[in-house]
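Shown next, in structure tokens, is the structure this report addresses.
In order of appearance the chains are A, B, C and D, and numbering begins at 1 in each one.
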Amino acid sequence: MTFDEGQGYAVLATLAAPLLAALILVFIPGTQKMAVRYVAAFFGAVMLGLSIYVFVAYQVDGEQIQMSLKWVWVENTAFLGKDGIVLNLAVDGISAPMALLTGVVAFAGTITSWKINYRNKDFFILYFILLAGVYGTFFSFDLFFWFFFYELAVMPLYLLIGVWGSTRKEYGAMKLTLMLVGGSVLIWIGIFAVFNEANLGTFDMQRLFAAGNDGTLSPTFQKVFFPMFVVGCGVLAALWPFHTWSPDGHMSAPTAVSMVHAGVLMKLGAFGIIRLGIQMLPVGAEFWMPGLMVLGVTGAVYGATAALTQRDFKLISGYSSVSHMGYVLMGLATMNQIGITGAVLQMFSHGVMTALVFLMIGALYDQAHTRDMKDFGGIAKVMPMWVVFYAIAGLANVGLPGLSGFTAEFHIFVGTFQTYPVFGALAIFAAALAATYMLRMFSMVFFGPFNPRWKDLKDLTPLEAMAGALLIASIVVMGVWWAPFTDRIGTTVAALPGVVG
Amino acid sequence: MVPLENYLVLSAVMFSLGVYGVLARRNAVLVLMSVELMLNAVSLNFVAFAAYLDPERITGAIFAVFVITVAAAEVGLALAIVIRLFRNRATSNVDEAAMMKW
Amino acid sequence: MATEVLWWIFAVATVLLSAGVVFSRSVLHSAIFLIGSLGGVGAMYVFLTVDFLALVQFLVYGGAVTVLILLALMLTRTDAKESLNGTQAPWAALAGAMLLAILVSASVAVKWPGDIDDAPTTIPLETISEKLFVDFGPPFVIASVLLLVALVGAIILARQEEGE
Amino acid sequence: MGAEQAWLLAAIPAGVFFVLALFGRYLPRGGDYLGVAAIGASFVLFFFVAADFLSFYDFEAHKTFITESISWSEIGNFKLRQGIHVDAITIVMFAVITTVSLMVNIFSVGYMKGEPRYYWFFAVLQLFVASMLLLVMADNLLLVYISWELVGVCSFLLIGFYWEKRSATEAAKKAFITTRIGDVGLLIGIILLWKETGTFDIQQIIHAAEAGEIGQTYLFVSIMFVFLGCMGKSAQFPFHVWLPDAMEGPTPVSALIHAATMVVAGVYLTARLLPIFEAADGALLVVTIVGLTTALLASLIAFAQTDIKRVLAYSTVGKLGLMFVALGAGSPAAGLFLLMTHAFVKALLFLGSGSVILGTHHNQEMDKLGGLWKKMPITGTTFFVATLALAGLPPLAMFWSEDELFASVNHEWGLWALVLAMLAVFATAIFMVRLFIRTFAGEPRDRQVHEHARETPLVMTGPLVFLCVLAVVSGLFVFNGVGSALGFPGGIGEFVFLEEPERYAIDWTLAGISLAVAVAGVLIGAYVYWGNSLVRSTRLAEAMPRLYAALRNKFYIDEMYQYVIDRGVLGVSYVVSWFDRYVVNDTGVDGSAQVTGYSGSILKYLQTGRVPNYAMAITLGVVGLTVAGLLVRA
């Protein structure tokens, strides 16, 4: 067993941990609510540990793809040739930080869900299946399994929102699921088209990437199918104008699901654009990127503008997610090393800070049962820690230096200015709008005269504080010392086809 | 001798008659009988092909055995359903059993 | 020569009996025609030299199936004044005719590979049994399970439940 | 301890910030001593840094800097380094920031006593000072931007310190957002400069600009974007609106914001990048015009304000304008000298007004004050000195710096700019005298307030006295003899300069005119506002009712902005929200769902529920498909 192979098992373990958790939970009686919680928290911690290991163990100056582990699933039958469908797990410089993000957010979400009392066994089973899907998507280098895990991550959402959600949950869950599945259909068609066009009889991504580069996938084909992947994945990444599930979905989703969904799942979409779009169809990417840039900028400005006058916390966060994911798409569309690195940084940054925001919203909503900002005022008096945590998340959203949002946005802006200065300026302007809506919320909710209706509100519980502290630590580390991230992402991004140094 | 086409045409005629019966008849038992005709036509086809074109592997003939088996099971179940229907709705006409529509 | 004449007689009889099944105005007549028709098919198996199948055909269809059908007919007495045909009967005739045209033209037009004009090769019982029990062993077992399931299912469905 | 370790100046308060923020509430006295100690340490370290810097100073080349940086991140060719750069400008800024911050910190111990969140105040104060110190020693524009934003957020936290008051929250929001709009420009400018030079390093960018490696138009555009940021931070017209509102914070914070941190950041950055402004044709003229406009506008508005702190705020805006005028004249020495003397004087004024506010139990309306000198002798005296200093009377500090300013303006732009600048100084003299008279002199207007007024404790008057001394002597730094005696290469002009050192020579004509203007201002002010009756000033106001109303309402600029925000920005937001709700969502998304549902409700009638129909459909389908297949093959 070589070193690399051993690490491959670490990746496998990271993927298997949530599945194992779900399996164990199946055998715990639903009435044993505390046992369920302990098991969930234990596996959350295991996932966090393994994710950190995967991130740290990724060798910065090693090969692009490390910790590889292959297990042939089906080959040499009917239409499949050698290595037809292979469970091919590996990590590259982009998925390493994404795995870390998943670990952090998943753990925070797990301990946040401690207080769920209604059918918490079923909740955690679905929750862990979702997480397994997320990990699998980040780790898979096989198109078939990539899509399998992608769907595995999306499907449990319907139940998680529909059963444990709040405000208009059926509508939110249905809309979200239908839109995401609509996107999946496009991806699925695209995957088969690529399989057919490459005619290699394999779903191995690396061979298909090579096919995309050496012209086996003809330029015309790439130009036709690139939009399919971008729209299909873009739905999940809140690509304008396919973003409307985001405000409604977030409004209905329970706290932990909002955290994981906005924190990690939305990143799957952007990740898919990198994997399926840029890596597999480089010619198509080059052709369509200006269009994606326009959509990204539109989303960034549009989301920020719409957030200005919202009154529901979650709607603000939903729209601000649209805006921030717009930055991610802009970063990807720059097609230069700094911009795409910035996009991946933003994926991480938006993940942790949005998770924190939803954690805070949940902590308030569970007590206040309203999310209308007009009802609040002077909450800092009764929930000081909550306010500090939320403020940090909000300021990270705004792009305050020293917090992760700035690091990411800065790289995106620099990357965008390299190719599209005007769009870059617009994006910076949208960041100023972000300051406006965030501060508007701060002053409406946190500050001002205290509304005595809320005198009984309790501050964060120790568990929530722990989850929040973990997320804040990630935000601050990335905001101050971003070299570990850029080292990993930058080299991998440089190796992407068509990317300018 | 009798060429293969003869069998094929015969089975085609039987099959078409069966189709007509399935489509035209109202009585469930009659529909079932027509289905039997179709099944037999198909079996005949299989066997004919096996005997003329594939005497070594005779997959067709084997298939006919399975068709007969399945047909027997099907008849048993279908008649049970018909009896059930008749008992519940006092009719064995298929066009009167339209409960499953919107 | 004698075989051919015999074949034609049986073929025409089979077609006529089949037509009787679908065109007759009495349910009972239809059932009796069906027996004949199925027997005709059995005869065809004999012409095709698959005696075993012919035997199965006579036993299963001629015996079991028709008895079942007759039984069902007795249990579901129908009003004699009621039309046996549905409203879409003319359309059904059209569809059947079109299907017939397609099938016949296909059977005639296709140039089948191999020796099709001579007498069919005799298929001995040994071959059939070997194929059935060795090569198709698992499906055979599954088929038997299927029969069992169908049997149980039919009993459950048809059983008179308490309170009915 | 050498100048290379100057980062410690910022690191110590920053570290204390974390200690206080996390554990401050558990410490006795909220850990205020830690805060004072941290900034005191920075203050002491400053002397070591300065001494070390001067020991390195190259008296031949007359230019020295010490720089130290480490690699921060690398993405291909995009290499970021973070480091410090200490030169003459940095030393001056260090002096101002550490001194004023220390005084403010000590003063706050008295002023903030008994306030809720006492520890939090000191914590954020540390971060505020640390960010500002980091800003002035940053060697690259990225670090400048980072600390720039940190300064902004600290000001947000401190202005909004009394968050229970709606007005404080709103003021904090306004400050942050207004400066943030300028920062958009700053960031664009920084990235534009990077795009052309491939570096964020300030010195390298300056070299590139001076060597003409950047096209004129491009350079002008990008430096103007940077200047937008400076305008926002330094409250220049049209971004000046946030500064007067920032009074809502605790008074020591106002002192800090107005004197040492925050607003001087813009002046500092312009001074730092002045070579680039010089290299871009016309940039200096823009700076001058912005500065003059602001100075005149603010001086006029200050006439009609009645809140002590508000008057002081507008005087700050005016003086900041003059600093930009000095920089616009291409003289960093004049700009920084003005910055320094103004910092001491303004800190003194604000702390003095803080002392008044505390002494009179939170009263800051001039209409209720008056006659306080006898009750609060130390505060009154120091305030008096500061007023005269701000009015520009010799031999007080600001006379010398304004003299330097006039000289360079006269030299660079000629008479028109000189006249306008003097006009601003003249107006300042008048309203400062008004402020002093109405607060300290004359008869008390509100007996009750007056009777309860008392002098504040030593911890507050001490800083006042110290700053008062600085307000008197710091102007002397203009003379070479004074500078040399302190170990500097000479006066301010020999220490801070753009191309070559300027030896200070007093221009008697200008000095005389300046003196005359100041004296005239003071006398007119005294004439108009002396006494309790306010007869003369009221008559003046009544003579020009519309002008008075305009001044009183700050030329309606805030109202205009409010209108634009309500009708423009928020209007657009409502439109976008509406569009998103009804067009994108309800029409686009739900609409397609409804189309599906509607088609279903029609097509469902195809499902008759009758088996024969389905069978017929299947058969026809088979027939149809076969025919279609045959046709395709044929």
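Everything that follows uses one rule, which is that contacts are C-beta pairs under 8 Å (C-beta built on N, C-alpha and C of every residue); 3 or more make two chains touch, one makes a residue touch a chain.
Predicted model only: the values in this text are computed from it and were never measured.
By number of C-beta pairs in contact, B-D leads over the other of B-D and C-D.
Averaging C-alpha coordinates per chain places the centre of subunit A 61 Å away from that of subunit C. Subunit B and subunit D, compared by their mean Cα positions, are separated by 91 Å. Between the Cα centres of subunit C and subunit D there is a gap of 97 Å. Subunit A and subunit D have centres, each the mean of its CA atoms, that are 38 Å apart. Looking at subunit B, residues 19, 22-24, 26, 94-95 sit in touch with two or more other chains.
Within subunit A, contacts with two or more other chains are made by no residue at all.
Listed for subunit C are residues 86, 88, 91-92, 95, 99, each touching two or more other chains. Under the touch rule stated earlier, the contacting chain pairs are A-D, B-C, B-D, C-D. Residues 175, 178-179, 241, 243-245, 247-248, 302, 305-310, 337-338, 341, 378, 380-381, 395, 400-402, 406, 410-411, 413-414, 417-418, 421, 424-425, 428-429, 431-432, 435-436, 439-440, 442-443, 446-450, 482-483, 486-487, 489-490, 493-494, 501 of subunit A are the ones touching subunit D in the complex. Those residues of subunit D whose C-beta lies close enough to touch subunit A in the complex are 72-78, 142, 145-147, 149-150, 153, 156, 160, 163-166, 168-170, 172-173, 176-177, 180-181, 183-184, 187-188, 191-192, 194-195, 569-570, 572-574, 576-577, 580, 584-585, 588-590, 593.
Subunit D contributes residues 604, 607-612, 615-616, 619 to its touches with subunit B in the complex.
Interface of subunit C with subunit D (complex): residues 86, 88, 91-92, 95, 98-99, 102.
Of all the residues in subunit C, the ones that touch subunit B in their complex are 3-4, 7, 11, 14-15, 18-19, 21-22, 27, 30-31, 34, 37-38, 41, 44-45, 47-50, 53, 56-57, 60-61, 64-65, 68-69, 71-73, 75-76, 78, 82-89, 91-93, 95-97, 99-100, 103-104, 107-108, 112-121, 123, 127-128, 131-132, 135-136, 139, 143, 146-147, 149-151, 153-155, 157-158, 160, 164.
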